[in-house]
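First chain A sits with chain B, and in the next complex the same chain sits with chain C.
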Partner chain A sequence: MTNNEAFENVNEEELFRFLREDEKVSSEKIVAPRYSYWKSVFRVFFKKKSNIFMLVVLVLLLLSAFICPLFMPYDMMENITNPATYNLSPAAAMKYFGGFSFKWMLGSGGMGNSIFYGIFSSARTSLMLAFICAAINMFLGIVLGAVWGYSKKVDAVMLVIYNIVANVPLILLVTVIVYIIGTGFWSLIFSLCVTGWLGIAFFFRTQVMIIRDREYSLASRCLGTPLPRIITKNILPFLTSVIVTILATELPSYISMEVYLSFLGLGLSAELPSLGRMISLAQSAFLIYPWEFWPPVFFASVLTILLYLLGQKLADASDPRTHMM
Partner chain B sequence: MDQNEKKVLLSVQNLDVAFKKGKKAFKVIDNVSFDIYKGETLSLVGESGSGKTTIGRAIVRINPCTAGAIYFDGKKISGKLSRKEDRDVVRKIQMIFQDPSASLNERATIEYIISEGLYNFHLFKDEKDRVAKVEEITKEVGLLPEHLTRYPHEFSGGQRQRVGLARSIVMEPEFIIADEPISALDVSIRAQVLNLLKKFQKERGLTYLFIAHDLSIVRFISDRIVVIYKGRIMEIAEAEELFAYPLHPYTKSLISAIPVPDPRIEKEKKLLVYDPSMHDYSTDEPSLVDLGNGHMVFGNAKEIEEYKKIRFGN
Partner chain C sequence: MKKYLFKRILFSIFSLLVVVGVVMILVYSLIERSVIFQTDDIWNKKSNNDRAVYEYAQYQKYGYLEYVDYTSFVRDKYVEKYGEDYYTQSDYLLDKDIVQKADAFMDNETVKEFIDYYNKKGYTFSYYKPITFKSGKVKPGGKGYFIASYEKSVFTRLGRYIAGLITVETTKDVKDPELTDRYIRIEKDPYGGGFAVVGSGTRHKYLIYFDGRFPYIHQNWLHLNLGVSYTAYRGQEISSVISSPTGELITKNVQFPTMFGTDEYIESAIDFHSLTYNEAEISDAEKAQFTDRYTVYSYNKAGLSMLQTSFVIGIIATIIAYALGLPAGMHMARRKDKLGDKLGNAYIIFIMAVPSLAYIFMFAAIGTTLFHLPYKFANANVKILAYILPVISLALPQIGSLMKWMRRYMIDQMNSDYVKFARAEGLSEKEIYKIHISRNAMIYLVQGIPGSILGCLTGAIITERVYGVPGVGNLLTNALNQHDNGVIVACTFFYTSLSIISIILGDLLLAKYDPRISLSEEGGGGR
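Right, the complex of A and B next:
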């Protein structure tokens, strides 16, 4: 009761006062400037120093993989006739080849090949493979997944196809393809892409279905918005973070897939250097000759981790809730 | 008022809506018929799950009708329509959604959200005209042109609902379905949004189908009220008639649930609970019967006699 009495003693006019019309407007005025969506995505992304650092390292790694092979021609077979050069540690190799050199600073491999030069040439092959596969699979996956998720008729057909194809083991498929068209860069890309998009499309189908039935999409339908605009304005903006995340997991997965298939002899042809081939050649004796094993593993891991982390950060930045000043 | 003189804008006739097909079919709306006259506000009230929203969505054709038909301006709009007719109906019937945060696209600016319908029907001469239209409607719903560049998450619930209102009104519709437009809002904001709705009705001669579960608000806004229970209409009457003479026991229980802003009365108030097993429909099938003054009640012959006695005396 004491509370009530205290309030009763206060004059109502002292507690509240009506705002004048012009006061209302000025309090509502906001100085936030017009900003574009993608600009603010990148502003948020670049605000963090760690993101810039990771991006710089990634760009350096990518550039090195594509530029270094031009200056450092790698030939796996250059010392094949000289068994004395096989499996030399960094110190022994530099001693054997006469003093310090970049070429031998990581030692030599099982055929007298330079590990340091080998990494860049191998990384170039692996990255090209990963980028091409990711581009093809993501494009097909997103476009077909969007149609798949939106149309109930397509869904019925595609689900049957998906259930059949998804149950064929990839190894079996790759084996058959390799037997038919042989090993090689493009045949590997073909075998990774021929069914690879299906999983991505299935994932996007589910995402699209969720967003399709959300209330703002119903609202768009009530406003008569045509399908292409619903896809570009209502669905894709919500999927940017998902797309970036999937890309960040897909890219490294192709690098490791290549390692796996090369190990089984189904991957690239023998004369083409790749991270997978380097790792599989070195892994049988990686306790005795660690300098052959760890550099490509380190390169591949740093690359995949950076791709994954940056993908996550970009996905976070693409949410406009994080865009506030 | 003589209802025969008024023009029927929207007519729902023997509407059935069922979810799932065949044996699993579940009837959500069962033989619902009502008319909405031009310029009036008709409210649909009922508990959650009674099918209010489904009726609204059947009218904007998000949910297909299983049986029955919906007529708008004399033309049938349920079932297949030609592309031109379809676009025409889409523009003329607009919807305001319940949850203002779920019904606005979070990745689009307010300007795009309000212009979306304008873009779809190209309801502007040039870019300047569009901006002018958008700014005008923004001011009319009580927002500022400065708000246009912002995203929905930067607004309060009331402001978001104003955006939802603006995007419907800017289409210059004839008929608006307001699906619980204020139930997600703070009590202090509700009156503002309701007043806006009333203002637009007066200025533009709009017709509303107002879906709600709160009878006190319905009384404030509607001309006529439809009480619906488990997909069937229980009672239709003009607002004051319904509050003065609630006849169906379900309506009575709904009205008894309205809170009274006086603790002493509220404490003593007896809540009525509706029990459908009180009706004995084993021998006589019930139907919706007009008592003679536009007041319609659902019941069998015996019940209708009783209702007539209560309403008109002997």
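Right, the complex of A and C next:
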């Protein structure tokens, strides 16, 4: 009643008016709050203080690994002729080399090498290895996994290949590749990538298969959308958080893998410093010379944990369901 | 279902063969074969033609090729012709020495015979001319050789491997023509309890027998030939290397067959059930001890075999992991975002992200310094204590992964309709979690159980290395370091069969646990 009473005294002119020409178009549109996917991802990600803190620490570590070696040139062999410098504890090393220095604050290794300088040079190698391997394997795994999951014909063939290749022991493969093309940074990358993408592709295949048979995908196919477009527009966007999750586990896994292979004597060549080599050189006497063993282990662990955690948080943030305000 | 299973098994056998074939190509064709001489002193000492022939012998030993030396062909020919006195005959000496005369070599009849015979078998020939000084004297190692060699293709190699995989002993195994009395029969067993299946003409004397050792009934009848080791365990069959007991000898009072019926006993560790036929000359001492030619034996040892050691450590770790990991995962899901869940997540992240080598050493450092547990397996005074650290190192990562998946699947189930319905029915939270959610979450984990049990048989590379455990984990890595090709192929065959069997058993267990799942295409809802 009150509404009607309120309107009774108003004439029609005030209630309705004709639109001007330029007002017509915008009023036809349905207005919704602006939504940008990646903006929302980062908004959710940076909302947590702990994420920012971890990111800062990780960036500092990455910068130190890539910049420190420029100012702190690491030479494993610099004291090789002087056995008195071998296996010195931090205190003994600083005393031997004359007072406090950053170079000897973590002691010296089995060849008189500086542990502190060694960590940064080693971390650089390990990180580069992890980033390059992850990039290659992720790219191959995701592209081929998408095709594998989408096409049933490819699936039949790839399953046979997967069953065979997944059963060839990795250390055997690495050994054979080392014998054929020699040890080195790129040969290790090659051996980690030659079959590494299969596991990612297999995981991704299952995810794609789940999305493939959803109604909107079927409808799209009925309308004659070509396969590459279905994969890139219908399926991949749905799987962004899955991709980030894979990345979160892959990146640290290559650092661990390098440590593992070095321990077995299959890793990088001797002149290239890496965290795996530092750990495997120090492991035999880790109770006697703990300062040689724990720093690289600690550095590798912090790196892998940060990469893993940040990846998980980014994956959580990249799931659109967390974007609701 | 039977048809499905049959197809699955056939397909698995096919993949197994391909894997072994691929590994054979990797090992025998892709790795440069001359690496086996890198650390070989004998090879370094030899020179000229001697070195080339030594290489053939080594390649044959490592399984790369088969070769025949012309000299041995000549010898066999004249042994057949003249018997024992062949080496004094003039035509034998002529044919034998023709190899040293490069110009007259090709016209010799026996050489032509040799070429014809091995040409038909697909051999290739190489003639190493005698290398002489200018004076005509032969250089060291410069004697002439004529050699026919046969490079095995992957298919022959694979075919022979598969054909020789399982052997059954028969009474025709012993080639000795003097042995006329050949039989397999049940006899009273003087060394064990009751009766044994005894063979004559078979390689082993006792084919099936009983004794006090687990599993109480033993057999020497069927043999699994995974591959022969060339370097690490010289000439031994790898399946017997990993399954024969190690450690200290167990001595007890025993009688040799000639002592039966007397009061005479000797203290010895001889395992009389392991007697095999002696094709070589029998010594007088052996004649005084044995009544037949089965005189070759091994010893009773107290320790576990390599396989048992790995399995014991692995299975204890697996049981602990399931017993702790599953309840912990359930607890985390029930108290999601509470303190317990956060602590559990921190643990999972630690285990997932930190390199396994790092935390194994961490456990080793904590165990040895705080709890004074033995670090190296061999140095342990109390053997049981030596198992603790390896078991912990194996169990903790497994616990982490089980916790992670159990929590994930439980949380996924918690939002299902049937849970809401059960709650509406008035079931208590405890019942809902225990009867509904955890059982449904377990469906995803059941598949992996056979794999984690059978996986214990492959051992653990890092754990066994760090603690010096005498298990099977480092079989493959050691074989790779020593170019022990037979062991590499054997390991691959063993690991692949285990993984294939685990997957099939896992699927069967899954179908048993959840009757809604049907493996064959007829039933169920699969596409």
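Observations on the structure shown:
Operating definition for what follows: the second predicted complex is superposed on the first by the 280 of 325 C-alpha atoms of A that agree within 3 Å, B and C clash if a C-alpha of one lies under 4 Å from a C-alpha of the other, contacts with A are read in each partner's own complex, and residues count from 1 in each chain.
The criterion applied here is as follows: a residue touches a chain if its C-beta (ideal position, glycine included) is under 8 Å from a C-beta of that chain, and two chains touch if they have at least 3 such contacts.
All values derive from a computational prediction rather than experimental measurement.
Of the two partner chains, chain C is the only one that A:Y179 touches; chain B does not reach it.
By the touch criterion defined above, A:Y260 lies against chain C but remains apart from chain B after alignment on the C-alpha atoms of chain A. Residue contacts after overlaying the shared chain place A:P320 against chain B, while chain C stays out of touching range. When the shared chain is aligned, chain C comes close enough to touch A:Q283, but chain B does not. Chain A has more of its residues touched by C than by the other of chain B and chain C. After overlaying the two complexes on the shared chain, residue contacts for A:L218 are found with chain B alone; chain C is out of touch.
Those residues of chain A whose C-beta lies close enough to touch chain B in the complex are 25, 28-30, 32-35, 37, 214-216, 218-226, 229, 233-234, 237-238, 320-321, 323-324.
Of all residues in chain C, only 15, 18-19, 22-23, 26-27, 30-32, 35, 349-350, 352-358, 361-362, 364-365, 368-369, 375, 461-462, 465-466, 476-477, 480-481, 488, 491-492, 495-496, 499-500, 527 touch chain A in the complex they form. Chain B meets chain A in the complex at residues 60, 62, 87, 90-91, 93-95, 97-99, 102-108, 112, 116-117, 119-121, 144, 146-147, 149-151, 153-154, 164, 167, 171.
Considering their complex, residues 160, 163-164, 167-169, 171-173, 175-176, 179-180, 213, 249, 252, 255-256, 259-260, 263-265, 279-280, 283, 286-287, 290, 293, 297, 300-301, 304-305, 307-309, 312 of chain A touch chain C.
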